[in-house]
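Each chain gets a letter, A, B and C, in the order it is written, and its residues are counted from 1.
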């Protein structure tokens, strides 16, 4: 029983990353009818930005600019890193939209998908070229003793990761449901053509969508770095694609769906890995997803309508 | 008029004259003439290549038209330019230009006798050129074979992404299935292997049974396609993209876990049967069958399904059957290409059939042009050449190539040569001489060839 | 026996009854019309008969054979062709390819022919092309044969759609507002083409139209559909004077 609960806790953590990244995919797909294949690499960029920001902040702290008890400093650094990196990464996302997707706004969506793939490759290679092949080690921003509750080991890390993720997800949900901009995004998800006729600029909404998605991806990147401290330029590839599939399973444009599906994927992975040889993890995870999609192709909360990747 | 405008006008005028001159001189060259020129160039390289290279200061002839040499040692640029000019450009141009009349006569004669004969002659010339060119170095042999395999892959993906208008991500998976099936087939039957034991058939039978192995690989790939198609064809929209993506990951993961074929370490020891003639032959058959298919009304039904499934239904087109046939057919060829790939490299491992492979094959299709046989050939060849040529740049290759593709997508979203029909008859026909054209502003009309 | 007969066809979209108790008997060679206010369900009737939807209740017989619930392409190949209210053409294909495509069900050369270019395939493709040219000449669009269909003027596109439907060699031809969006000149030409098609090919025509001139001039029998029910059926003269029809179009007050 304790083992099972332990896996649940681990799955929640892993699922948090998938959920945060899946949200970015889901939003872009919902609002712009676009598969943003560069998103996984934006996640990677966010992680690296977080690395540099947090390292910089820690250096500042060590140099005496932030003199507070250790626990508080690290918490402060974490919060600042999150805020700053999310802010910076949103610009990365907006840049990707501006350069890669906006020129292709009227083009067949398949061409935009290809562009996204290429941008992703450029981001990976750019990282490799600029920073070299040496892997970076993300600073440990949430140290802490393992607490035992009901035989389950919980570290502050896990609590913070899951907590921050849920907070961000609810924040996004609130934004999409309660603000005017969020309403504009939802409107565009329903009818792409009419919204600009109502005086709302597609370009602005597009930038906003990408900015939000990339900010969340940065948060995911930082939390990921805290949980699995090794960063490498290709970390976004497999992770991003899995999150993408999760987003689809969640349903087109559904924040709740993407979140749930992300957690589901985390659960599947952790549980498969704990009861079966870990090499089978991807195989089983994708097989399950394939089965889900066979019977419910539009995902948990998506509507059956979907346009084709038309020429 | 400012000096700047003046200059621009002069330059564009010059460019127009150059283009006009080229059209006048070379517009009437039939394909036969170009092939003849290429053959002469290659023969020239065979006999004079090394001495010429040495004369120009290089230790040996440049392997890939000098691109790699130039990028590694820029000092060689003049030598390379001279070499390329003397061995490739000039012979091809001169032979093509001065054989216009006999070449056109021959082309016309062949066409009149039999289209089949004309095709055979052209293919023979093409093959001879490739064979002799590749004979000069092992590297060239490898590049040419991989390029032909790339053509098969690109064309088969174009059937699904271009002609059918879907977005399929499962081609690396089909390749993998074909590669492994063909490899296991040949290794079990003909090779001494640790896992599979002694060969079961004499080696002499090999080259005759090899096609069977490839077809088996294609067949397995088609079965895989069935697994993708059944869930995704029932529904409309982007679902094929996602389901095919999941399929790709599953196949890769499957082979990584299948210890009997080596798991993640891969499977080696395939017999050396995928020589240039075999690969060339399969590529030709692939292009031929796919071209036949897409030009038939049955194949055009794919376009109808893509552009308006409802109307296609109402016009007696069995849309499910059409899509299924096309998808399985495409997967078959991807499987065959995979089998050939495994036998060219004589090694296969699951890591090859990953997202990078998907990105490459998608890039080739979209670069060359959707819904176009010519586009796929051009896309595959140019992508491969580019990839090989930029190899010395190592990492930066993967910034330049994606950038190039993004530019193509922005300016020609459906690819360089999209929606073009591959009319073999028109390709092989003798050409008429270029019409006489007067350039505005020039003193006298340019005379035709 | 009627060529095409529909018995008590009723269809529900969820909780909305779109068509109720629809009956029709189309005789060979007959030209019939279906009129009614917008939203009456006319196109739905067409969609039901041609197989796009399976009727909730009812029976449809073509030449004595039951076609209710068969897939659209099967029904089409059995001799039911249609055009669409808002022109469903294939934007990347040429005019000739459009007309050739409708001969799909007549193809017997199979996959072998498609992949390997057999003699049978070449022969059948030549026949298909010849027939396509014939039909294009019939509708007067043959000069546009090699053009991508989106390059054509609107009136020509409608003719191409007609030729495409005719390539099926239908027994019954369903025309869904064939003159929609046409100016008076194009309209007259279209009517003439429809008459010609009717005369030269042996088929029945079932027409949805809003323009009374077209319906009254062309049709032998007309049904009026309102809220999914036929409220009147008869000759053009009868329909023109039927009080229920007038009420449906102009409202009760006018009668008073």
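Definition applied: a residue touches a chain if its C-beta (ideal position, glycine included) is under 8 Å from a C-beta of that chain, and two chains touch if they have at least 3 such contacts.
As the structure is a computational prediction, the values presented were derived from the model and not from experiment.
When every chain is reduced to the mean of its C-alpha atoms, the one closest to the centre of the whole protein set is B. Set against the Cα centre of chain C, the chain with the most distant centre is A. Of all chain pairs in this entry, the one linked by the most C-beta contacts is A-B. Chain geometry summary: the mean Cα position of chain B and that of chain C are 45 Å apart.
For this pair, chain A with chain C, the centres built from the Cα atoms lie 51 Å apart. With centres set at the average Cα position, the gap from chain A to chain B is 37 Å.
Of all residues in chain A, those that touch two or more other chains are 311.
Residue positions of chain C touching 2 or more other chains: 92. Each of the following residues of chain B touches two or more other chains: 306-307, 371. By the touch criterion stated above, chain B contacts chain C in their complex at residues 289, 292-293, 296-301, 303-304, 306-308, 310-319, 325, 329, 371, 419.
Remark: chain C residues 50, 52, 71-73, 76-77, 81-82, 84, 88-93, 97, 100-105, 107, 109, 111, 113-117, 121, 125, 128, 164-165, 167-168 touch chain B in the complex.
Of all the residues in chain A, the ones that touch chain B in their complex are 35, 100, 103-104, 107-108, 110-115, 117-119, 121-122, 124-126, 128-129, 237-238, 241, 244-245, 248, 277, 279-280, 282-283, 286-287, 289-290, 293-294, 297-298, 304-311. Within the complex formed with chain A, the residues of chain B that make contact are 161-162, 165-167, 230-232, 234-239, 241-243, 245-247, 249-250, 253-254, 256-257, 306-307, 355, 359, 362-363, 366, 370-371, 395-396, 398-399, 402-403, 405-406, 409-410, 413-414.
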